[in-house]
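What follows are several structures.
Next come two complexes, and both contain chain A; in the first it sits with chain B, in the second with chain C.
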Partner chain A sequence: MRAGNGALAWLQEHCPSLDGQFLFLDPLWLDTHLLSEGAVLILREAAAAIDDGRLSAFEHEIADMGGWPPGLERLVRSLATLPVCAPVGTRGTA
Partner chain B sequence: MTNAPQDKSIEQRRRVLKGALGASTVVTLGYGAPVAAASLNCIAKVDGGYPAGSNQFFLGDQPPDLTPGNWAWRQVPVNMYAPPVVAAPPATGGQPGKGKGRKKDSDEQSAPEAASDAVEGFEVSNLVYSTTPPHDPLVGVEVQTAAGYPKVGWVLVYFDENGEEIGTYPAYTMDGDGFAPASESCLNSINPGAAGNYTYGG
Partner chain C sequence: MFDLGAARIAVRSPIESFHQQLDLVYRDYGEEDPAGFADVRVALLPGHPLRLWKRQIALWSEGSRPFEPYPVGSGLPLFEWGGNWLLAQRLNAYLLLHAGVLARNDRALILPAAPGSGKSTLTCALHLAGWRFLSDEFGVLDPDSGDLLPLLKPAALKNRSIGIIGQHPRARLGPVFPGTRKGDVAHFVPLRDSIADRHRPARPRLIIFPRFRDGAALCCTPIHTADAAMRLGLNSFNYRTLGTVGFDAVVRLARATRAFELEYGDLSAAIAHIDALFAEHA
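And then the complex of A and B:
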């Protein structure tokens, strides 16, 4: 079994593909969400930004493109609560 | 000038992200992984891609490669077994562990190799099955000492909707209802405590 810390590792472990959609377990609230492929792509980018300590920049990028789709920002916030073993930088604003 | 390729890649990334944003949907299902299992069961949703038929047994030190799947497998011992007992008078010269009750023993040699009519089998839950497809049960057989044995084999594991193991191939196949093979990611979602008990392969 793979083990790992951080947002991307969580996605790897807790976002299985199901018939073209994805089942995501929220690490903070422990509720589950059915995500489209597009939502997972955004979530993955956000997770990489979280792990790299550049969530704030990614959020600005999303804002420039029209803002978060409904429901997705909360999941990103939850991912941002996960401990990161990579260098700790700015983890985004609450 | 030198930034041109980078600008292009940034622009491509923006385009991909924008498309993804437009195609994003989030449907909240409920609280906790067990709820997910009940409402959108990744076990019950298994509808293909898993090893089928005789491919649910694999002979080798490790399960099949992770590509194309990452299904849960259990290790089983593989040995040589004396063939099934046939209806015959009690053998006068038969010795336990040396093929008691086999039909032919006149040409038998005393070498430690398995008898020539021995067959290779694997053991699951105290039952022995032939390694040769279709993996029929071998009834009334005994393990024989043979060079190169025991070997290692793997059988596909079946789980209920809560991610609890209920059995393995060949006793279980997709022909039944209420159980299915499970991938590592599925087990991690619905029964993470059990996910570490298996080896994963395609």
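And then the complex of A and C:
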């Protein structure tokens, strides 16, 4: 189960579409980037991989396809710094 | 103590010439209780007492002197620039755009611009043409309501703008300070109605990024919503400081408005075009 916050949740909140273009707020450096729809699709896939703990495998897939599009790797690294908290009730008790 | 609308600034000084300058440009603001809350408190004090051959005035705030002293006769420019700098540091309850803001029927026109683009001249000229003046320097956006709040300070006009605005029959300017670090400077006093309305917010409707260029034909270009949001962030004093609050405020503002870039060489033509744009889009 995916957590209630984390990389995908950040994208949901801080990467809105404005008439077909996207603004992304970098969660680490707090600077803002203007992104195309294609770039946002890759970011979403990367965010899902971060939240599921399989970022390394996703990076290998990206490398096999020729590497990151310009500028996106840094944004993915920023997303990877976000804490992922499990939803209430999913943690074990001592 | 002056109530500017979105903020209060308290000032004290023993220097008589500075008091006279303040009286000229702030006389319609009224006096507030000096013991009341102020967002910024400053004192304008004599510079180093041993520099008798060249008397100076220094701005102090909270025990520090953030700027080099000015010549003693230039207290008002020092107070205005220093006060603006301090307000930009402190007013982090709001998103502060570097912009002129005017309104008609409580619908706001925002003029974000870099220094030297003619923002102050255009803001003052629109005000004298009938628009309510909210600010020349700070577009104060309340991130909760999405409204723009007045921050009514005198507008610092420089060089040729002093004559252009000063020739208007309703314009009231303070003294001219020749040869400051930004050239000749004089302060335009907003009309009394706008000062009286300094606690009345306005809803953002239209954004125009103005750029004056001598001899340029009027050219107005629509700006994509996302580009407008990016440029608003770049034209803000505290966008990054506010983090997600600033981001959300800018996105909301861009969605609620139409944005254009306006290059012009003739002030009257620019005003007529802005009137028409506002009638169409606001």
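Basically, the second predicted complex is superposed on the first by the 81 of 94 C-alpha atoms of A that agree within 3 Å, B and C clash if a C-alpha of one lies under 4 Å from a C-alpha of the other, contacts with A are read in each partner's own complex, and residues count from 1 in each chain.
The working rule: contacts are C-beta pairs under 8 Å (C-beta built on N, C-alpha and C of every residue); 3 or more make two chains touch, one makes a residue touch a chain.
Here the structure is a predicted model, which means the values were calculated and not measured.
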Will chain C clash with chain B on chain A after the two structures are superposed, or do they fit?
-> clash
Please tell me which partner, chain B or chain C, touches more residues of chain A.
-> B
Touching partner for A:L18 - first (chain B), second (chain C), both, neither = both
Just chain B (first), just chain C (second), both, or neither: which does A:L28 touch?
-> neither
Between 8-16, 44-52 or 98-106, which chain B stretch has C-alpha clashes with chain C?
-> 44-52
Note: overlapping chain A surface for chain B and chain C spans 13-14, 16, 18-19, 23, 25, 30-32, 34
Where on chain A does chain B make contact in their complex?
-> 1-2, 13-19, 23, 25, 29-39, 41-42, 45, 61-62, 65-66, 68-72, 75
Mind listing the chain B positions that touch chain A in their complex?
-> 14, 16-33, 35-36, 39-40, 42, 45, 47, 183-186, 188-189, 192, 195-196
Chain C contacts chain A in the complex at 224-227, 229-230, 233, 240, 243-244, 247, 250-251, 254-255
Of all residues in chain A, those that touch chain C in their complex = 13-14, 16, 18-19, 21-23, 25, 30-32, 34
